[in-house]
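Note that subunit A is present in both complexes that follow, paired respectively with subunit B and with subunit C.
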Partner chain A sequence: MSEITLMPAIGISATGLDAESRRMDVIANNVANAQTTRGQDGKVFQRKEVIFAARLSNAIRAGGKENKLKGVELQKIVADERPPKLIYRPGHPDADENGYITMPNVNPLEEMVDMMSASRSYEANLAAVRMSKSMASQALDILK
Partner chain B sequence: MNPLGENLKIGVDQTGLSPSLNPDSAVRESGGVPFKDVLKNLVDKVDSLQKDADVSIQGLVTGETTDIHNVAIKMEEAGVAFDLMMEIRNKLLEAYQEISKMQP
Partner chain C sequence: MNESIQLLNKLLDASAMRQRVLANNLANADTPRFKRQDVEFREMLTKAVDSADARELAVVQPKIVVDTAAPSRSDGNSVSMQRELGEMTENSLLYQFATRAVSRNFDTLRKAIRGR
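This part shows the complex of A and B:
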């Protein structure tokens, strides 16, 4: 028994919501680790960036009527390769022989802007969900 | 929500598609699917959507998933499917009542 899909657009918007909430996770992780001097493999924490990709339909049916619009997916989380900041703090256990410690290349201002962008994109996807739903209910109103 | 669906299933069977009317034989000769089955299928599918939504709510409260939006969307989809089913049922009932009001 095949599923009924009354509102295919909502499925697409759902992928957008997924992607944006994952992006928010990554930003939250960046902000949380803004002062982390001991990241993975003992080095200083590197800022993470998300890469989104359009989702491709993985099956093309014989009739060729397969819906090609599949939304978005988070393809990769990559490290930002910008150099870390050097701060003079001789008392710190992680300081080098000159008294400098390397701090993460996280810029809180940048993260704030990214956060706003993620939240607005999430909102836009929610608006699309709401609109699809209202279109479906309006179509149902024909019967009333 | 499921008991309601079950009730409706019975309700639909009672609305003019009772065995006494038996439209099946005529339809079967023409090789089509009986309308009763189409309707029953719809009710079952709507029911499965409701159950899906229930499962995802369970997943949220047990901590299996943290995606509130997916749960909300599933619930919304189940709601719209239910509305569609209700409208079809109302139309059917209306038609049945119109016919039953016909007097010789």
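This part shows the complex of A and C:
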């Protein structure tokens, strides 16, 4: 028998909304820290990247049963290991003996593109929620 | 009467399941190496209806399959947001059709009971 839940598809879409909005947080944090030379550990800020993972894995192995469809999860937030930029700014207190400071490896253009992609995915999940909701209300209308 | 309700029941079950699978595809639109999935039931249902055997219909079970034909992006993901949303719209129309047909069936039944 299928699940008792009225609208399980909404739960699945909610995991997508959650993951995309957390991705958006990480991107916003990258942009905000584009000039941060002293991060939490006292070193120059490193760009962060999210890792998404499907929360299903064995839906197919379970003989095509659907109870293993669980959406997506933000598995990890990892640091981008690309080298930081060097900028000549001798007056800066964090400058080395040659007058160069290490700036974060954040590229605002890249972040903008990521942000657009995250916001589109968010919208798509939202559209899915709306459709699932209208389906559930149609099912309730049978009772009228 | 009974059979057509049973058929519509199957249709409702299958399209609700398909909605979940499509929602899951969309949720994983940015998951690397994720392959889109779909539900197989149209062929099975058609076959069961063609066989005109009520028992055949009772055992029809929609199945989740990996869509191997869909092209993958460079990150190995084969979800296309446009496609999922399009399929979802179509699927929700099918669901709407089934719910209306069920209501219609019950209306007819009610009329028969009242005799008018």
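FYI, the second predicted complex is superposed on the first by the 129 of 144 C-alpha atoms of A that agree within 3 Å, B and C clash if a C-alpha of one lies under 4 Å from a C-alpha of the other, contacts with A are read in each partner's own complex, and residues count from 1 in each chain.
Simple rule for what comes next: contacts are C-beta pairs under 8 Å (C-beta built on N, C-alpha and C of every residue); 3 or more make two chains touch, one makes a residue touch a chain.
For clarity, every value in this text was computed on a predicted model and none was experimentally measured.
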Joint occupancy of subunit A by subunit B and subunit C, clash or fit: fit
First (subunit B), second (subunit C), both or neither touched by A:P83: neither
Contacts of A:G42 with subunit B and subunit C, given as first, second, both or neither: neither
Partner chain in contact with A:P8 - subunit B first, subunit C second, else both or neither: second
Dominant contact partner of subunit A by residue count, subunit C or subunit B: C
Partner chain in contact with A:G91 - subunit B first, subunit C second, else both or neither: neither
Which of subunit B and subunit C A:A19 touches, first, second, both or neither: second
First, second, both or neither for A:S117, with subunit B first and subunit C second: second
Which of subunit B and subunit C A:G71 touches, first, second, both or neither: second
Which superposed partner A:K133 touches (first subunit B, second subunit C, both, neither): first
Lowest C-alpha to C-alpha distance for subunit C against subunit B (Å): 9
Footprint overlap on subunit A, comparing subunit B with subunit C: 10, 13, 144
Sites on subunit A touched by subunit B in the complex: 1, 3-4, 6-7, 10, 13-14, 17-18, 21, 126, 129, 133, 136-137, 140, 143-144
Interfacial residue positions of subunit A with respect to subunit C in the complex: 2, 8-10, 12-13, 15-16, 19-20, 23, 52-54, 56, 59-60, 64-66, 69-72, 117-118, 120-121, 124-125, 127-128, 131-132, 134-135, 138-139, 141-142, 144
Interface residues, subunit C side, partner subunit A - complex: 12-13, 15-17, 19-24, 26-32, 34, 37, 61-66, 81, 84-85, 88-89, 92, 95-96, 99-100, 102-103, 106
Subunit A-touching residues of subunit B, taken from the complex the two chains share: 41-42, 44-46, 48-49, 67, 69-70, 73, 76-77, 80-81, 83-84, 87-88, 90-91
